[in-house]
Amino acid sequence: MWPIFHKFGSPPWLYAISGAILRWLLPITLLALVTGMVWGLLFTPSENVQGNSYRIIYIHVPAAVVALAGYYVMAFAGAISLIWRMKMADVAMKAAAPVGAALTFVALFTGAVWGKPTWGTWWVWDARITSMLILLFLYLGVVALYEAFDNKEAAGKACAVLSLVGMVNIPIIYKSVDWWYSLHQGASIKFTGETSIHSSMLYPLLLMIAAFYALFTCCLLLNMRAELLQREQRTQWVRKLINEDVVN
Amino acid sequence: MQFCARLLRRQLLLAVRRPLEIGNPLLFFAMVVALFPLGLGPSPDTLAGFAPGVLWITALLSNLLTSDGVFRSDFEDGSLEQLLLAPQPLFLSVLAYIGAHWLTTGLLLAVVSPLFALMLNLPVQGIAALVASLLVGTAVLSLVGGIGAALTVGLKRGGMLISLLILPLYMPVLIFGSAAVQAAVGGLPVAPYLAILGAMLCLAIALAPLAMAAGLRISIDA
Amino acid sequence: MPGEISGSPVLAARSLCLERGGRELFRDLSFDICGGQLWQIEGANGAGKTSLLRILCGLSRYGFGGRVERRAPLLYLGHQSALKALLTPRENLALHVSGDGRYAGHQIESALARVGLYGYEDVASHTLSAGQHRRVNLARLLLSDAALWLLDEPFTAIDKAGVQELQALLGSHVAGGGAVVMTSHQALDVPCDVRYLNLGAGQRA
């Protein structure tokens, strides 16, 4: 385990391996996104009550699910950076925050677009929307804190602490907000027990969720590579890389 | 534990030497409460309906405003360096700081809150719940605010940032604090809400000092 | 670099290196500091003297390479005096955050008297001058029983007589088996050997 761990701490190795992963992950992600989108939007039956407007769940739900998971990815990276002082974990955490914030924003925006035909209003203060809004604030807090520090190493550590605090708080916030108001439809997807949506609608949704996870990974890796190059711009391997690029 | 008492005494002594610092949050509380009748209209029924939320939000904001200063003056004059180098566990030291902060803001706010509750026409049966929920809730707020203060104390422009960092974390306290008052006004039992606030307080006492200690060590190094 | 070991080291630094803003300030710095030694860190402005002291005392935790072992309680006096303007010198020492001991009233009085603040024990600190602030801070040296003193420019704002007294104090601390690491631009006149640690000599990256 430890040799691998040390490799993760090495920027050139991480840069190379992430490039290799992206080479096959990017096409797969695009394929899954297009397939899921076409399947969901064109080949699923329309819903009894909401008609065609429900189809926005193929973006709304995956974005929301991955946005929440992204916070845990960020907090996990933060924990690694604090415990093992691994600089690459800092890079991962710094890269995850804007991606997660963007996904949260997408979830909120599609929720608003969905709310207009469904409830007749753009914004409802219901439990899930409010929780997502708070999640967006939590993400933006991490981004803002990182930007506020001049010393980027300290910034990474401070954001790690903040994201861990946020991780402890997210269940509390979700439960509080849930309790505070419950107007949304109940949880629709349960992986155990029977599902309340028809399987013809569920499969494309699951595909889209998987595709969004892949998309998140791609964005994370791309972001990390950019951050790596910026942090290591004075080192040998980056100079070599640039020279090779110029020669080719 | 003696050093905790000594730190607490030091912080309280510093606060007492500058009474305006203690008075400011209370004045802020009074002034913001006075804004609501101007904004919402003077009708006693409207005000009574909004009173639990208004009082809690105002308490939360005045707590937020003072949180920024918990470690700032000590950071500026170098005391924080000495605190971090002290042999005593930082966990307990920051608890003493937060304890002093709560005594000079949360406790006082809770004590004067019945006065403002009456001004906003809060029904009398809600006042005990207001004081009790503020006593417990502001302690949680002080602890959470301390995390934000510890993370931003090394930054020149911490003031606005700290609100972005800790307001989302304040929300559960606001939800259950104002719900406790509303329950009391509606004649429902208050104890469950206070129990939940108490549980949050226990969690915050156990975990927030860890985050504050880590935040201070990072800030002093930045 | 003098590396002889007399007595057990109170602080051991191993292969320290520090880079700030793309410039390497020092590299592969290893030394043992033992009781009975006085070390003066020298170097131009920006050579990393204060940074090194902060690494040695443990305030800096990130951004440097190597490791430091601290085996004895230490007392660090930085640029800032850590003095509360709202408290009197007596309160400042009695309620000091570092909490390195609770001192009896007479101990504080005699310490303040020795740093030349007799009669100022109970006036608010904001009425004192900058030099007097530094002197209150120096009184901590008299009160503390830490074996290792890390002093960052201790002579700043101290008058000539005060500098003499402080040097005598450093000498007696070293003679008593303590260790001192300090930064200063002025040559020391102390009754003991001074070891020099020169930063920034031909170490530009």
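Letters are used for the chains, namely A, B and C, taken in the order the chains are written, and counting of residues starts over at 1 for each.
One rule holds for everything that comes next: a residue touches a chain if its C-beta (ideal position, glycine included) is under 8 Å from a C-beta of that chain, and two chains touch if they have at least 3 such contacts.
No experiment lies behind these values; they were computed from the predicted model shown.
*Asks:* Report back the single chain whose CA centre is most distant from the CA centre of subunit B.
*Replies:* C
*Asks:* If I average the C-alpha coordinates per chain and also across every protein chain shown, which chain's average lies closest to the global one?
*Replies:* Located nearest the centre of all protein C-alpha atoms is chain B.
*Asks:* Please work out the Cα centroid separation of subunit A and subunit C, and write it as a whole number of Å.
*Replies:* The mean C-alpha positions of subunit A and subunit C differ by 48 Å.
*Asks:* Need the CA-centroid distance for the pair subunit B / subunit C, whole Å please.
*Replies:* Distance between chain centres, rounded to whole Å: 37 Å.
*Asks:* On a C-alpha centroid basis, what's the spacing between subunit A and subunit B, in Å?
*Replies:* 33
*Asks:* For subunit B, write out the residues touching at least two other chains, lowest number first.
*Replies:* Answer for subunit B, listing residues that touch two or more other chains: 218, 221.
*Asks:* Scan subunit C for residues touching two or more other chains and write them down.
*Replies:* 62-63
*Asks:* Which residues belonging to subunit A are in contact with no fewer than two other chains?
*Replies:* Only 151, 154, 157 qualify.
*Asks:* Enumerate the contact residues on subunit C facing subunit A in the complex.
*Replies:* 22, 62-63
*Asks:* So in the complex, the part of subunit B that touches subunit C is made up of which residues?
*Replies:* Within the complex, subunit B touches subunit C at residues 2-3, 6-7, 9-10, 13-14, 17-18, 73-74, 76-88, 93, 217-218, 220-221.
*Asks:* For the complex, give me every residue of subunit A touching subunit B.
*Replies:* These residues of subunit A touch subunit B: 82, 134, 137-138, 140-141, 144-145, 148-151, 154-155, 157-158, 161-162, 164-166, 168-169, 172-173, 175-177, 179-180.
*Asks:* Residue numbers of subunit A touching subunit C in their complex, please.
*Replies:* 85, 151, 153-154, 157, 234
*Asks:* For subunit C, which residues are in contact with subunit B within the complex?
*Replies:* 57-63, 73-74, 76, 78-87, 91, 95-100, 102
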